[in-house]
């Protein structure tokens, strides 16, 4: 029961925060609400026995990506821009489509039959520790994606440099 | 803890290319002359092509597969890359957008495509896709002083990110259904269970994400704007590369992973294909900018290629691949002509070109007729191939729709020809010839004719 | 044969075109002379087809066959039989005349013009020689490109519209045929071999659908009512050589298609659909003829008369008896000669007066007596006067049509009356009466122009007086065709249409 | 024990909210944030699946998604910056130079 | 035998030489080529005649023209009695007209052209009569029509002349249309178009019927009527007679040769030639007889009031042709041919005489502007008078015998015969009247033309008057070969032609024959007398009549408004159809509307769709979302099902 209550809190809070995120006029507010959301997500991860991911979520998302966002907002100095119309004229359509799609998705998801259960039970992971289990998988089985991810990060660096360089 | 060191032979092409990309980044610091970088890029292409045939095999625990299917696409990517490099050299100088990272990014993007074509696992597929996508976002915006280029990059990026979110959501559902991300294991798993709505949902999401990449309607709307705004060489690159990569993964995912829901994805793809052909062809008629027109034309071509996929047979898949190859040549050729002209973005810039620049006009004529699908050009062989496969699979009515749209397409391709040949020139069109561009044109036109006259080089 | 004569005849002009394209633009003399040389050599090379043709067999002759695309079982297969051989000759001959008539009238982009002309020649001949459906289609479509340019670049004031209309019309028709071809391929056990198709029996429902698919392409090309409207525009706007080629050979390809594909490959459907085709033909005959009466433009009038004359051709073909078929084929030839000649004539006078409006003429017989006499010959041939070629063809066609259906034969014969009406009225308005000041002061046609027309005059009378030279070529082949038709069973159409719909 | 479906529903809701945010906001930054929202919702479902299916793959995938998201954010912001240098624009309706 | 090939070939050669070299080399020496050629033909024709007289019939194919399946057409000669007579008529008249033309056409710019056309015509006409099969006949049929077209429109600068030529050709095409169908029907029914085959097999078709446009028609009747269509066109019978009066726009020798003596009689010749077919169908015979009778009456009434000398003669030709057709219709083929033969001489004479008058009057045609010409051109006057007497049917002259023969045989031809006899007799009176109207108005009285014309009045040159005289001789004596037995003659012609044409059964006696003869003589004399009263004695009578019967006069003056009628029901509607319906509506609006409309629609649709491409990135995303949503809903609906 207790987990369900916790989940209930988390989910309601997350949904609420998400709505706040997408409706705030000031992007800085959105980002701060985003931070709140990330905390909740991290909490959820903990529920799901993904401690390492929870940490990564905090460090990478909250610590790096959001800061990047904030940094850019500050850099662009957007005070004046805040005043203009927030939403697209056709927002009701978007909301309707979103709502309807949600209904459809939820209808579909009720039929979800989960796949076969694997070997990494909670016990197995705890025995090995989460980080080790993850790391082992990452550096052996998922070595190749890992390498590609490194290329992606390289691209991000190069691309950001190319694009954001001062004009010559 | 003892993992055998993975067999690297199948991934050598990717490794070579990514290493070359990184080397280019370093070389950029050394060489002032960007031509060297281009040359290095071409050498990388050559080396990759050289090792490509010997790279058969599966590796990384079955995540990566190098088979004839992927190899064919890699060949297309190499052609695309090589031609793009040839197109870019002079163009970048002219547009003052020269930077060393450009070639490096091209190579990275191509690496991403190759990874996509070889992916046997959704994780690899996703990462390859992102590698390609992120590089192309940057490339689209590489003329950073040009507002149109910025806009193109922005639009491409926003919608691309949106579509990859959809893809991820779809993959996550599929993962939930099958506990795996391996395409073949998914297929095996799906074989055992009944078709659930969730599965269809995830299939649709994945289909939509891929449709975005190949610019199929109604997920195509980014394409015209991005094609118009991006540097022309990149437009050429994008009109072939990511599209081919998209088709590569569609072919793989839908033929392997979603094999047993074929009955469900076929109507979806049919709908998308018809809409794509309709939107592409009809909107192309209304264009005045040749890059936009070619964008819509490339949308329409995606529709024809989808017909090959819809056929659902190995023959259809091959037809789609062949078409892609042919499309690469003719489309690249057309863009090469656009680049060749100092002022060649608007269709009316082509008025009277036949008088002032007969050779260039003749080349453009060949490419336009090839895009229309008139023999003896390669475009005809491609279309014929697709139609054969579809008819053999029983989709005669779909082919009827396709040929009617293909007849409509003649209208706008002919308009370019008409402008070149049947109108009087306002002034002598300034051109920007360079050996590399000439080489690209020659390769394209020769291939268009060779494939058109001796289709055996690509058939069977 | 020592050498592959058909390939030579097809590709020599193509080679010629490429050589011309490589020449210096400024060297117009060289360009013209080489175009003429190539076309004449090609004509001479095609003469053995005429002299050493074996008239006693319906089989393909001068055949060549090489593997081309083994993956699809496509062969490079050429051959001619009695039905097609004459059109090869007609093509080679008309090309020579076209080069000649364009000698002075083409003033810009000469190089491209003659190259296009030779390319058209090659692909036209290819169409008539192909024994492989794929190859046929390649030639069929390939010809669109140079023709499109010919109309659009060197044509009249409204040329762009005409060119695009021509292209799209034909393209829409032929892509439907393309589907038919592919369907046929799979139903013939993956083969494009026409000869094999001719001995395969297809289910009737399939035949019907295929018939209409092929019809789409051929009817547009012929052109049959109601898909004829591209023709007046294309003929009118095209340069002289273009009109000649269009009228002389290109629109024959439609009727040829019916003969070569629809009939032997789909005999039952042909039989079932013949009445509908005959009705369409008759409508075309009368419609085209009546509309000529309202024309004010010389070329447009001749163009519409083509609709009428080609109506006769299709009528003869779908009469499905020997007189009709022979007449139809002969009439194709005749129409090529006569209408080609008329366009040549109009081109010659247009070069002088620069007007095509009939109202601008009058009294031309006084100013251009030789020209008037020659024009009269072709006018008479066009209205089918006995002893000219037109008579033999039309008579056989109407005889065939009359045999097949009294009503159709009778109505089609009315077309001849109207034909005389519009042609003579045209002749009167142009050549008779008071001299119109607008055409005063021009020279009569010169020797080059007369020589251009003389071969056609000879043919007009040759076919008119001794048609057996030509009829004997097609005799056996047509017999063979009719046997094939007769061997096919009669099908109840209505029932099958219901089945198809269901 | 919380049923798997709850997580999945939650993920779906947040995903849709993110998508709607992407659709309705004119501010490009918030659109980027919306995309992050969507990615996070995907992450939730991956982690949930991973947990319930007793399979690590999901978490690994999340790991990569986070990486890519970071890269994406970097590039997206770079594009924004580069656009901003040419034209002081942060709203999508200001970047409609190309259309039709 | 072989030498007879030369009969048509000589004029053909002359034609070719003249047309090819006339302009550059021969010029006004053209007659030196044409006349010897036609003279050669004439001589050969005489030889052929002699041979046929000796009882020999030549029927020989020369070469095969068209072979298609079972259809065979050849070019060949059939020289029997009928052909022999026709050969004589054609070659002799042609020869005289050639000679006459030397003077008449002297100085014309198209001199060589004229002679080449004449030669071509002679060739075609000879081919027509020599034919031994239907297709060759058809060839000649159309070829003479063509020559007629050329010659009527000889002075092509004149609009009326070129109009008339065109009209002649097209109206004839209507007849040929039926004729052609008849040929085809014969081929379909009998499998051959050779005369010999047709005549031997036609009997087997008796009682057969055929479905045409949903009606069942007796096969032989249909064949006969279709063939007769051709005759109606060529011999200018009602309703296709309209071209002949207009044909007078051509040079007068042409009118004499083509539009009086030879070509227009081709129809009669053809009906006579096909007497085995016609005789098997009483219905067709009736139609033929009635058509002929009506034509003769109709034309004669018109001729009463016309003033154009050539037109009067043209209408008289129509009328006489009606006689010949009438004769065929009652089975009196021999009489028809006999009349054809005599008519050729006196009608050619009339035309040439008229030409001579015109020549003198500088092209004036209106008889009201002539008068008193007798003293200026006596040779013309006397020859003209002989011709008029002959046509009026004054005993002793050739016209009398042939006309009388026709009337007599018609009288014997049952009810239809009696009716047409009555009409024929009436027409005889009318003929006499209008023929002498010309004599009295043009040659007697005072000259009413301009001074200038009067000053120029002169007799025509020898080359013109000699043919006139020769023809006058013919007009008198030509008929003597057919003096009926009732008058103690041998009716040589009738017997000569009998093997080909048969002879109708005569049941009335000699007394009746004499009575019939007397009636016709009375009519002729009466006609002349009335004419004398009207135009010499009391010239005011005609004027009173005109004012009293102005309605009838107007109808006659306007030739029963047939031209106007055709104009209103055929010419105008067709051109209107072309100009107002087919070009602007069906082609211009409907077909072109679809053809241009579909691309326009697509383009317009494209422009509309373009508006969806707003440039807003959200809209693009929205389209993706909506697309996704639609796919979701479709799949879910499918899944629920």
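Letters A, B, C, D and E mark the chains as written, and numbering starts fresh at 1 in each.
In this text, a contact is a pair of C-beta atoms (placed from the backbone, for glycine too) under 8 Å apart; a residue touches a chain by one contact, two chains touch by 3 or more.
Quick caveat: nothing in here was measured; it's all calculated off a predicted structure.
For the criterion of most C-beta pairs in contact, the winning chain pair is A-D. Distance from chain C peaks, on a Cα-centroid basis, for A. In this view the innermost chain, defined by its CA centroid being closest to the centroid of all protein CA atoms, is C. Per-chain Cα centroids separate chain B from chain D by 26 Å.
Computed from the mean C-alpha positions, the centre of chain A lies at a distance of 102 Å from the centre of chain E. Per-chain CA centroids place chain A at a distance of 7 Å from chain D.
Computed centre separation for the pair chain A/chain B is 31 angstrom, with centres defined by C-alpha atoms.
Within chain A, contacts with two or more other chains are made by residues 88, 94, 97-98, 101, 105, 107-109, 112, 114-118, 142, 145, 149, 152, 155-156, 159, 161-163, 167. Looking at chain E, residues 599, 610, 613, 615-619, 621-622, 625-626, 628, 632, 636 sit in touch with two or more other chains. In chain D, 4, 8, 18-19, 22-24, 26, 31-32, 49, 53, 55, 57, 60, 64, 68, 71-72, 75, 78-80, 82, 85, 95, 97-100 are the positions where the chain touches two or more neighbouring chains simultaneously. Of all possible chain pairs, those that touch are A-B, A-D, A-E, B-C, B-D, B-E, C-E, D-E. On the side of chain E, the complex with chain A involves touching residues 616, 618-619, 622, 625-626, 628-629, 632-633, 636. Only residues 610-611, 613-618, 621-622, 625 of chain E touch chain D when the two sit together in their complex.
Across the complex, chain B meets chain E through its residues 154-155, 158-159, 162-163, 166, 197, 200-201, 204-205, 207-208, 212, 217-219, 221-222, 224-225, 264, 268, 271, 279, 282-286, 408, 411. Residue ranges of chain A in contact with chain B, taken from their complex: 105, 107-109, 111-118, 136, 140-145, 148-149, 151-152, 154-156, 158-159, 161-163, 165, 167. Residues 88, 90, 93-94, 97-98, 100-101, 104-105, 107-108 of chain A touch chain E in their complex.
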